[in-house]
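Down below is the structure, laid out as structure tokens.
All chains are identified by letter, namely A, B, C and D, in their written order; residue positions are counted from 1 within each chain.
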Amino acid sequence: MTNLTHPFLDLDGDKLREECGIFGIIGNGASGANAAATCALGLHALQHRGQEAVGITSFDGVEFFTRRGLGHVAENFASGESIAELPGHMAAGHVRYSTTGGAGMRNVQPLYADLASGGFAVAHNGNISNARMLRQELVQKGAIFQSTSDTEVIIHLVATSRYPTMLDKLVDALRLVEGAYALIVMTPRGMIACRDPLGIRPLVMGMLDGNTVFASETVAFDTVGADFVRQIEPGEFVEVDFDGAIRTHRPFGTVKARPCIFEHVYFSRPDSIFNDRSVYESRKAIGMELAKEAPVEADLVVPVPDSGVPAAIGYSQQSGIPFELGIIRSHYVGRTFIQPGDATRHNSVARKHNANRAIVAGKRIVLIDDSIVRGTTSLKIVQMMRDAGATEVHFRVASPPTGHGCYYGVDTPERSKLLAGRMDLAAMREFIQADSLAFVSIDGLYRAVGLKGRDNACPQYCDACFTGDYPTPLTDLALRAQDEAQLALPVGKAALV
Amino acid sequence: MTNLTHPFLDLDGDKLREECGIFGIIGNGASGANAAATCALGLHALQHRGQEAVGITSFDGVEFFTRRGLGHVAENFASGESIAELPGHMAAGHVRYSTTGGAGMRNVQPLYADLASGGFAVAHNGNISNARMLRQELVQKGAIFQSTSDTEVIIHLVATSRYPTMLDKLVDALRLVEGAYALIVMTPRGMIACRDPLGIRPLVMGMLDGNTVFASETVAFDTVGADFVRQIEPGEFVEVDFDGAIRTHRPFGTVKARPCIFEHVYFSRPDSIFNDRSVYESRKAIGMELAKEAPVEADLVVPVPDSGVPAAIGYSQQSGIPFELGIIRSHYVGRTFIQPGDATRHNSVARKHNANRAIVAGKRIVLIDDSIVRGTTSLKIVQMMRDAGATEVHFRVASPPTGHGCYYGVDTPERSKLLAGRMDLAAMREFIQADSLAFVSIDGLYRAVGLKGRDNACPQYCDACFTGDYPTPLTDLALRAQDEAQLALPVGKAALV
Amino acid sequence: MTNLTHPFLDLDGDKLREECGIFGIIGNGASGANAAATCALGLHALQHRGQEAVGITSFDGVEFFTRRGLGHVAENFASGESIAELPGHMAAGHVRYSTTGGAGMRNVQPLYADLASGGFAVAHNGNISNARMLRQELVQKGAIFQSTSDTEVIIHLVATSRYPTMLDKLVDALRLVEGAYALIVMTPRGMIACRDPLGIRPLVMGMLDGNTVFASETVAFDTVGADFVRQIEPGEFVEVDFDGAIRTHRPFGTVKARPCIFEHVYFSRPDSIFNDRSVYESRKAIGMELAKEAPVEADLVVPVPDSGVPAAIGYSQQSGIPFELGIIRSHYVGRTFIQPGDATRHNSVARKHNANRAIVAGKRIVLIDDSIVRGTTSLKIVQMMRDAGATEVHFRVASPPTGHGCYYGVDTPERSKLLAGRMDLAAMREFIQADSLAFVSIDGLYRAVGLKGRDNACPQYCDACFTGDYPTPLTDLALRAQDEAQLALPVGKAALV
Amino acid sequence: MTNLTHPFLDLDGDKLREECGIFGIIGNGASGANAAATCALGLHALQHRGQEAVGITSFDGVEFFTRRGLGHVAENFASGESIAELPGHMAAGHVRYSTTGGAGMRNVQPLYADLASGGFAVAHNGNISNARMLRQELVQKGAIFQSTSDTEVIIHLVATSRYPTMLDKLVDALRLVEGAYALIVMTPRGMIACRDPLGIRPLVMGMLDGNTVFASETVAFDTVGADFVRQIEPGEFVEVDFDGAIRTHRPFGTVKARPCIFEHVYFSRPDSIFNDRSVYESRKAIGMELAKEAPVEADLVVPVPDSGVPAAIGYSQQSGIPFELGIIRSHYVGRTFIQPGDATRHNSVARKHNANRAIVAGKRIVLIDDSIVRGTTSLKIVQMMRDAGATEVHFRVASPPTGHGCYYGVDTPERSKLLAGRMDLAAMREFIQADSLAFVSIDGLYRAVGLKGRDNACPQYCDACFTGDYPTPLTDLALRAQDEAQLALPVGKAALV
């Protein structure tokens, strides 16, 4: 789910940011497990997917309860008091990136509404690429929106659907929706988990002492002690009731899946299983592909911590060049320190990363990072290595050049700020001042995730950020371009506040 | 506006509580006045009408801005930063009693919605007595409510009205509404202020350097430096645009007004003009009526501070018995002090009021209070006088016995907790342990506000709390009684949260 | 106790400010009373004597416990948790005016130290006028100060005294001290309460269910349910142990007392007994003296609320002119509201006080206030009366002109900012723009407190703020004047922080 | 510096905790560097040495300024406002572990006192092992303590020293002191940095654009952009004035140094240079020694993140067994999550560390950790590996068994809670349920830091936590044992609060 008003929120850091993680649990009460407490722990394991806001909704058989907060899960849901506000055997939650302030709080999920058919709560990972258009149509009919979230469109479509059952209403609503969504829905009758027909965003299912659990990544199951069962298939709707009965539906028929390949590259935790494959092994394999595609003579392989470590181990094992921690990462990050003087070298990168001089001095090094987005961090790290005495710095990137924005729930800078959106390889090398620069090829990436290469006729993954090949129409983007041309007033910005 | 879920919220204190105050200003920008700053100051002057939450919405010609907070106006809107968030030449605000917590914050007014016709903000003083029924009908049609406030019903009725202009939509919506309302509405075209056909809740109009201002009481005009022009008439709709043009409408035709007589007794500040009469003078006149109706031989007239003071001055002037401060009120109230021992005498009343022993000891005193609600405070104050050495304590009340609940925006205990709802005069005197007890008569009260007495055929005021004579149907109350008989689940409790 | 670094802290308001209130209780545990809870309630009743900080220290037979906070007693000590931190049968506390911030917190009393003889806690009302000199001497010998409070000087003097018992150490220390002090001291052996030889600051003793209590004013006894026994005499030391044994000492021999007469005028609550006389009756009597000394033909007597009310009642009863609330005071004060426009009339006075137009318009009024300090508020109130339509405004002040600073624990502006310090009567009347102005005479004031007049040879009260007749030397003031002449660096400003 | 009242504060985690980091800067103002901002950044780089409280004191040529806070440096000193409170060209700061609450705040360093000779501020890393005895003597003479910190003893000794210069006073004071200290002292004349004669705690010196800087570790110089010059020698006093003149003194003559060897094992950051040697290289060398001393046949070398990583790389390089991330560490730690059910497996370790199942399953693994303190974490990690499918788990520890407490500024559990304090090797292996367990030998450790082995006659390091060979007397420990035998009351617990 994204904030309609800030589709291109610029980055503080220099990484693409997955925008959400979701978790759900429904039980029969037999195991004595506390649904909300389990949900909090599961979301904590998904904290890397969204660090600015968190919410949990529970249902106790009669009423729904919601609690939300800005900041981390541990800040909002670790205490007994907070969990006590969320009774019942069913709960679902959401972590997200968020704009701050009062308006932001209304956008914190799960969203909840009292419909004529009863309570309806939804947690959404993804982005609806025609939300703006759908919203305008709903407002014309008298609908009043409370948030600026695209997710609320789904609720209004469900509320006004004429189908009799909740599953039918939901399918009816989602037929009008275009884009990416992994949803966990709660109603007084149970839980529904589903993924869009292309399965762009991830969603997995597990079992915990007789309770059914859903999560964005398998690492959440490890943390709560659940067993991983399988992923929800693209286009699949899984319905679970309070007796534990599980029914599955494929209302959109057979479709060719396009899951997000960047989950392998960076978003998912290395200890998760994504699309039936170990993320850690995928990353190591990318490093090995890189060592084959772009070998170099050097003394040390140095990862940019922490996300570059698995690929660096792969590169080291393939090349035989020793793996060393040439950069040490601080665990204490403070973004806004006042600069003591005018020295430009001692910047935010220096507070987060420090060269391990004793190791680096006098050496030829291969730096491994997972991706390059705007390139500013890469430049600083290359300089840091040279300042520490490295004689050569070769930069290797464990993904292809990122030259296109994402409209499926990932926070990407505008194309003009993406290094690969405005430069070719030689210019990029020049920009980051490395002795050499190489990215893994798109086919190398596909090989690293266990395929023979990219099937260009019918790609196995969504790789639009590398290729610009978007698997859905982008209706709002087209509308927005039109509006900007007409200097129209903002539409749908405010809501029932 | 009241909270649908807590219509009978019990009292901490022992007073009826007016639930809201509203203030609005619309200007042409010529005077340089800051609308939001003026609004904050006006609400500060109305703080006695609602102390738990406050909100202001402004409009700058393009967008609406809203800021809300729990607590007093000065805590939330005194700073330049808070006012800077609310630009523009039009603003309206609201103070209220509120339940605490997140849900409460959603109910803090003004409420705002983006309708197809543009932005719509509303501040409401009063209570809609068929809100529950209207809400159920709207939800059946797919409407999604965000608050538990009855005021939101008005917004949905406006959103789905088929009339073309905003004034027509508003009148169309309010034709369906039953109960009490004084409203200030903002749209991109200007401000509309209106009162229900009976004019139960107050609303007055003034001018400030070419800007039009509206408020619940005239004291707000004194504070902001505006001139009082006139009250909004019952059933009147006043429309003001940004050029300062003022149009008035009477869509409900001619009706017989029934303004709330308790505004004279307690709700309004003594320095306000209500229904074209000085509140202070009304209260003094009630004291004089009491002295005539219930004289007593005594040494001192002692007011229960602060609300009993004007009536006590009137009683003293009429009777010739000296007025003295026999009770001193602390300006520092802390409600939840731990009791140091088991002594029952030293209670919350003792922390708020203290007997002025040197004055009271050995004297026969006439205590004057504005009203008796549950009687618990009256009992404690009588005891305090006796402990301080008073030889006789005669209790005189500046209103008739309060035996009935209010459904028009006043927080009243259940009838079974109203002293006059369960006892006759003799039992009440026994309960509060006074040597004598008298209430002003209903006709005495009407005389004190300048009339010849109550016109029983066609009463000039709403006095339902004294007489049980409700001027409107009470649809929700009837529905609720029906529901309770059927043990139905709560309806309309939660909303889009 | 005052802050050495800001002896002349300027006033926000326009009143002299008593700087402290103190309360102590020592029991044998038989009554089950909780000492700290009683202490909190007693301090709450003394809140008018110091509103910016509060602290309580208790002793449980083994250890001392201290808790402090900025703000009101109710904000810091109303909860069970706060009281639970303060176990034991002995407790003493302090309310004060304070500078904000961390440094201020160190100055919040009671102060506590571990001496070689055991724990020592002290709460101090007053000001030591040679504290600076004593402090310099102590620092030369290696003493390390933690606060900027003059009270800490007493602790260091006690710590280095060579006398054997705690009472002797304390007397030894106080022999070196000059100025005003009412002290409550706690040691592991019991409580000592004492007043300086002139008895400038007040201190009274009471009994509560077998416990001994001390307080700055009797109103604290009313609030906690204690019986008032007597005042501590000037120069008296009262020692109470845990068996309830009370011993009294007069180490300074017989002295002529000079208690502060301003306690009658303004500092004490009207329901307190000060120097064996009802404060309310003193104030009424001042109003009567004023009516005799400065009569005027008028329609109404109007008090400046709330402190002018008793004198106004006295003036009204003496003169026969009716008493009316011509000014209504808001109970909700917000000091820093942004001004909405440029209108100078609508200022902070307008937010706190409002003219009761309906009463005032067309009338000749006598305004009664307790004192005039800088005169700015008086001017605004006179203007407010005229704006409301008063035809004549006669100002009567229930104290003589305040022309001199206080060095005994009262916050006074510099002499150049005192209206009576820079103008004669005619100029003052001109400044406040009243039709006439009169102050009660110094002899009228002494008559109102029950004497025949001021004994100029040997005055019965300290009245230095009116007369400039200081009853003690002012050593630090002389030193400071010397320092300023030499442009010396600040001494003793910081401390062990 | 440690808290006298909690010398054996138990651990939440299962690591020894270095208790402090210190940083200082003194300049001539020529470079335009802001001393306090540099100090904040330097402390941020030392955050791993103390995470619960932080303070900075600066001097602007006239006055000293201090600001302190609980929590991290970035929470307290990142903003421009916080730095603006600390003007001047000289500043020193301190990070520490601390008990929470008001009392704790008084213990947050730097400590400051106004002495007769002028201001005196001190930041202290270490622990004085006769502080209790010295304090009792000082209190007998009338000294009043404000904190419970042993560091305050130094200030009182300086305050009462009869030597004329500040350096002489400081040496005079420290001659009486026994234990470990690295100090940064500020006076109006400049900065003094010194280490105790054994040099137990570290302190290094650097240069930044003409300013002299001091820090606990060289990593702080990297972060602020300073050049590392040399370490302060054991027993050395370095005096720097505002002209940049540096003088060095050796008042204790020649001594044999005993720096803390645990800085190499765990306390220092791997990118620091300690005792003229790269900490990262020392740790890798320990891993290599381990691989030689305790080889094992296995498939993977897995570090316990993050502190076990360098030794694991060394073990892998020496043994040829591949290095893999078999455990993934969460960057989001929340310590107090409510447990959802009764499952004991899903504990705090599971929230912080997660097995990388895909890598571990079916493999024989060598786990490398830096140390074992209580053993509880080691047990959970071995279980986690087995649950993830590891067929064999061999545990290798990069330090000798930790069987003795530290009294030199490191938070150690009581001996009875140290695993090596109560068990032999076989029992420890049994306790943690590993297939095999080995610790590096004491001589292996000395070899890894570049020596031929431990010189038992005259050890080159303090290794008391491994050997029980304490290089100083432990006076307070002996006194305490005596007191406990006599059931004496606590002494010196409270202070001037």
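In the analysis below, a residue touches a chain if its C-beta (ideal position, glycine included) is under 8 Å from a C-beta of that chain, and two chains touch if they have at least 3 such contacts.
A quick map from chain label to UniProt name: A, B, C, D = Amidophosphoribosyltransferase.
The structure presented is a predicted model; accordingly, all values stated were derived computationally and were not measured.
J.: Any idea whether C-D or A-D has more C-beta pairs in contact?
T.: A-D
J.: Would you mind pulling out the distance in Å between where the CA atoms of chain B average out and where those of chain D do?
T.: Each chain reduced to its C-alpha mean, chain B and chain D end up 63 Å apart.
J.: Please report how many Å separate the Cα centroid of chain C from that of chain D, as a whole number.
T.: 50
J.: For chain A versus chain D, what separation do you get between their C-alpha means, in angstrom?
T.: 38
J.: Which of the chains touch, listed as pairs?
T.: Applying the touch rule to all chain pairs gives A-B, A-D, B-C, C-D.
J.: Quick check on the complex: what are the chain C residues that touch chain B?
T.: 31-34, 37-38, 40-41, 44-45, 47-48, 51, 72-75, 77-80, 83, 209, 219, 222-225, 269-271, 273, 278, 280-281, 306, 309-310, 313, 317, 322-325, 328, 330-343, 345-346, 350-351, 354-359
J.: In their complex, what parts of chain D are in touch with chain C?
T.: 62-64, 66-68, 102, 111-116, 119, 139-140, 142-146, 152, 155-156, 159-160, 489-490, 492-497
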